[in-house]
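Two complexes are shown next, each including subunit A; its partner changes from subunit B in the first to subunit C in the second.
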Partner chain A sequence: MNTLIDRLAKLFSISDVVHQRPNLAFVTTPMENTIHLITHLRDRESFSLFVMLSCVDWIEDNQFQLTYVLNNPTEKIDVGIRCFINRDSATMESAHYLWKQVATYQRELKEMYGIDFPGSPRVDESFILEGWDNIPPMRRDFDTKKYSEETFFPRERPQSNDPAQYMKSKLYPDE
Partner chain B sequence: MSFLNLKADRSKYPQRDADGKMQIDLDSHKFVKLWQGPNHPGVTGNMSVELTLAGDEIVEAKTHVGYLHRGFEKLIERRLFIQGMQTSIRMCVAEPDSNEYVYCTAIEELSNVEIPEMAKWIRTLILEMARLQSLVRVVPGQAGTFGLGLGVQWGVYMRELILDRFEELTGGRVYHMFMTPGGVRGLLPDGFKTRMEENLKEIESFAHRIDDLIFNNVVFKKRAVDTAVIDPSWIDNYGITGFVARSAGFNRDVRKSFPYLIYDQLDFEPKVMEYSDIYNRAKVRWFDILTTVDLIRQIMRKMPEKGDFKAQTPNVLHWTAPKGETYVRSESSRGEYGMYVVTDGTNKPRRVNLRGVSYTHAICVLEDLLVGVNIADVAAVMVSLQTCPPEIER
Partner chain C sequence: MSDEKNKFENPDYAKRTVIGPDGKSFVVDPMQDYFLDARPKVYEPVSIPVVEKFLNWARSESLWVLGFGTGCGSIEIPPLMTPRFDAFRFGVQSRATPRQSNVFIISGYLSIKTLKRVVRSYEQMQNPKYVLALGSCTINGGMYFDSYNTINRLDHYIPVDVYVAGCMPRPEALLAGFNKLKSLIREGKAENGNKYVKDFDWYKANQKKIIKDWNMPDYNW
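Take a look at the complex of A and B:
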C-alpha cells in the first residue's frame, strides 16, 4: 500500500493520507484532479472494481466530502479518494463513463444532497423521492422532525368521544 | 410485415437516435408500457420495474424504488452509536446479520475496540446461519418463479428450522441484534450444537431433494438455461460481486479475498462456474448451501466452549468515537455487503452509508439484463440476482 501511495504522490497532488488498515487507505485530492486520479487507478493500478461513492456533509466548513472507494481485486486492497466541494455551488465532474453503476450513485447524490454531475445519465430523474419540493433531505440542515411535524401533523382525525361519557349519554340519558 | 415473421421485425426496433438513445413512440402501437410491481408476486420486495415491451419482448427496463423509504441513514446520523443498531439492521430484512456485523465492526474499528476470540467465532456462526436461512429460501424460490412451487414450500420450512435456532440463541427470529459493539451478547445455549446438527442433516437432505426436483427438471432447464446471460466483461464494469460474479467465472468472495473474523481458520472453497445464466446462478447458490452447512459444522467443531464474549467498551450512553472514517465489508449470501462510516468525535456517527449488493445488481445490471428477455421471465431474472430493494433506498 505504501508503494502505491508513493507512486500516486509523484503523479498527483494528494494529502491527508490515512492508512486505516493494511489493505485500506484514504487520500484527499483536489476536486479538479479527482477523476484523473480515479481513471489512473483504474487503468494503471488495476483498481478495476468501483465499490461505492459516498458523500459527507461538513456543514460547519460549508463543504461536501465526496469519497470514491475503489478496489483492486488482484492485490486485494482498497483506496478511498476524498475530495471536497463547496456546498453552495455543489457541482462535480461526472465519472459515469468509467463504470456503469457510477451513474446511479450520482443520481442519488443529486437528489439527496443536491450535488450536480453534469452529463451523467438520468441524473435529473427522481431516484427515491417523487415531487420533493424542499431542500435535499440528506443535507445536515434538513430537519427531519420539523419537516414531519409540518407535513404530517396535526392530522385531521375522525371525531371521537370519551367512552365513559358516551356510554352514559346512550345508556343513562336521564342521569 | 408478416405476422409470421414477428421475431425478425422486432430486431428492427426501437430505433436509436444519434446519441444511442432509444426512440420509443407509444403512439406507434408497436410498444406497450407495463409496470411489474410494486404489488406483484414476481417482484422481490418493495420495488417495481417499468417495462417497455415489443410484443412479449422487453426493449427497455427501468428500476423504480421509493416504496419503503424510511431514511435509515439519516435516522442513524441523529442517534447514539448503540441506537444505530436497531435502525441499521432493518436495511435488509432477508439477511439482517450482515448489517449487524458491518455496523458493529465499523464502530469498533473507529473506536479502537478489539473483540474477544469467542465473539469472533459466534459472529461467524451467526453470519453463516443467516446465509443458510437466506439460501434455503431463495434457491427453490428460483424454480418458483417458473411455477414450480413445491420447492418453495420446502424452503420455507427449512428456513424455519434455522429461525428456530436463531430464536434459541438470540431471542429473535428475523432481527437478532446478538452482535453488539464490543462483541456478542452471550454464549451458545446448552445443547445448541446438537439441535443445530439435527437441523443441518435435514437441510442437507433437502438440498439433495432440491437438486432432483429443480435442477433436473426439464421445464426449469428449458427456461433457465441460456436466459439472461451475464457476460464476463460486465463483472467489473457493473460492479458485480458475490455468487453472480462467481457464476461467471470470477472467484470473488470477501471471505477469501478480505478474510474477516475467523474465516481464515476455516477450510472452504466457494463454487465458481463459467457461464452466468439463470440456471448457473441458481446452481452456484445450491452449492453455497452445501458449503454453508459444512462451514457451520466446522465452526461448531472448532470453536472454544467458553471464553469472554464481550470486550470492555465505554458506557454506551456516553460512547464517543474519534474523528475518522472506514469502509467495512462482509460477504452476504448475495455478494459484497459494505458500510462506509464517518465519525467526527461526537457520540453520533457523522455518516453511515450502506453499500448493498442490490444497489448495482437491481439497477444497472437488471435494467440492461432484462433487455431482450421475455416478459414471463422478468421475475426469474430478478430472483436470479437475489435483489433486495431496501439496500437501495436506505
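Take a look at the complex of A and C:
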C-alpha cells in the first residue's frame, strides 16, 4: 500500500493520506485531478472494481466532499479518493464512461445533494423522489423534521413525564 | 422528468378523431378509454339483516391477501404463509393481483413513491375490502417520523381497519390481527371500503398534497 501511495505521489498532487487499515487508504486530491487519478488507478494499477461514490456535506466550509472507493481484486486492497467541490456551484466531472454503474451513483447525488454531473446518462431524471420540489433533502440546510411536520399530518403524541421529576413529585410533594 | 410522465404525455395517447374501416369517423381518447375515472360507489348492504349477517360471516372466512410488501414488515409474510405459522388454517391466503384480493397488508413504512402504487392497488381491489396496517410506522411514522420521504399516518390516505402495533410485529401478532379483523367483519363494522367512498374528496386531497407528480386518473376502479 505504501509503495502504491509513493508511486501516486510522484504523478499526482495528493495530500492527507489516511491509512485506515493495512488494505484501505484514503487520499485527497484536487477536483481537477480526480478523474485522471481514478483513470490511472483503473488502467495502470489494476483497480478494476468500482465500489461506491459517496458525498458528505461540509456546510461550515461551504464544500461537498466526494469519495470514490476503488478495489483491486488481485491484491485485495481498497483506495478511497476524496475531493472537495464548491457547495454553491456544485458541479463535478462525470466518470460514467469508466464504469457504467457510476451513472446511477451520480444520478442519486444529483437528486439528494443537487450536484450536477454534466454528460452523465439520465442524470436529470428523478431517481427515487418523484416530483420533489424542495431543496435536495440530504443537504444539511434542509430541515427534514420541519418538512415532515408540515407535510405528513403528524399524530399528536401522548404527554410524557420525566420519570425523576414525576416520582419526586409523587413521593415528596412538599419539597 | 420520469419515464411514467413521458408515457402519459406521449402523443399516441392524445385525444384524436379516427376513421374506422366502415368509413365512419369517431373520437378516440385513450386516457379516458383505458381508465375508468368515474367516482367510486357505495357498496350497499343487503336489506334483510339475517342475509347480511350470513354474508358477513362468509366474507370473514374468505380473506385473500394482496401480495404487496411495502416495507421491512413484508419479511414477516413468508413465515406467516408457510408451515411454521400457517395462516391458511385461519382461511387467509395470498393472491398476486389487487382485483383478486380483498385484504391489503401495509407492511411497514410507506414512502411517497410507494404510496402512489398503494393507492392505485387499493382502488383496484373489489369493494368489501379491508386494510391491515402493520407496525408503528403506519400508526405515527415510527422511527421514520421525521423523514422527508415517508408518511406518518396511513389513515389519512387510505382507511385502516386493524392496526397491528410493533416494530416489527411477529407473525403471531399478525394472526391476532387477522382474528380481530374477522370479528370486526362478522359484527358488520368493517365498512371502510364505503368510508373511502364517502370521504373520497378528503382522501384525494390528502393524497394529492404529498404525491406531487399526480399523473394517474382520480379513481382507478
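In this text, the second predicted complex is superposed on the first by the 152 of 175 C-alpha atoms of A that agree within 3 Å, B and C clash if a C-alpha of one lies under 4 Å from a C-alpha of the other, contacts with A are read in each partner's own complex, and residues count from 1 in each chain.
Here, a residue touches a chain if its C-beta (ideal position, glycine included) is under 8 Å from a C-beta of that chain, and two chains touch if they have at least 3 such contacts.
These figures come from a predicted structure and were not determined experimentally.
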First (subunit B), second (subunit C), both or neither touched by A:153: second
Which of subunit B and subunit C A:104 touches, first, second, both or neither: first
Residues of subunit A touched, compared between subunit B and subunit C (which is higher): B
Partner chain in contact with A:144 - subunit B first, subunit C second, else both or neither: both
Partner chain in contact with A:131 - subunit B first, subunit C second, else both or neither: second
Partner chain in contact with A:172 - subunit B first, subunit C second, else both or neither: neither
On subunit A, the residue positions that both subunit B and subunit C contact, one per complex: 126, 128-130, 137, 144
Complex contacts: residues of subunit C adjacent to subunit A: 1-3, 111-113, 116, 139-141, 145-153, 156, 206, 209-213
Residues of subunit A defined as touching subunit B within the complex: 18, 20-21, 23-24, 26, 48-52, 54-57, 65, 67, 69, 73, 76, 78, 80, 99-101, 103-104, 126-130, 137-138, 140, 144
Residues of subunit B touching subunit A in the complex: 65-66, 69, 71, 73-75, 77-78, 109, 236-239, 241, 252, 257-258, 324-327, 336, 338, 340, 342, 350-351, 353, 355, 359-360, 363-364, 368, 392-393
Subunit C-touching residues of subunit A, taken from the complex the two chains share: 124-126, 128-134, 137, 142, 144-145, 147-149, 151-155, 157
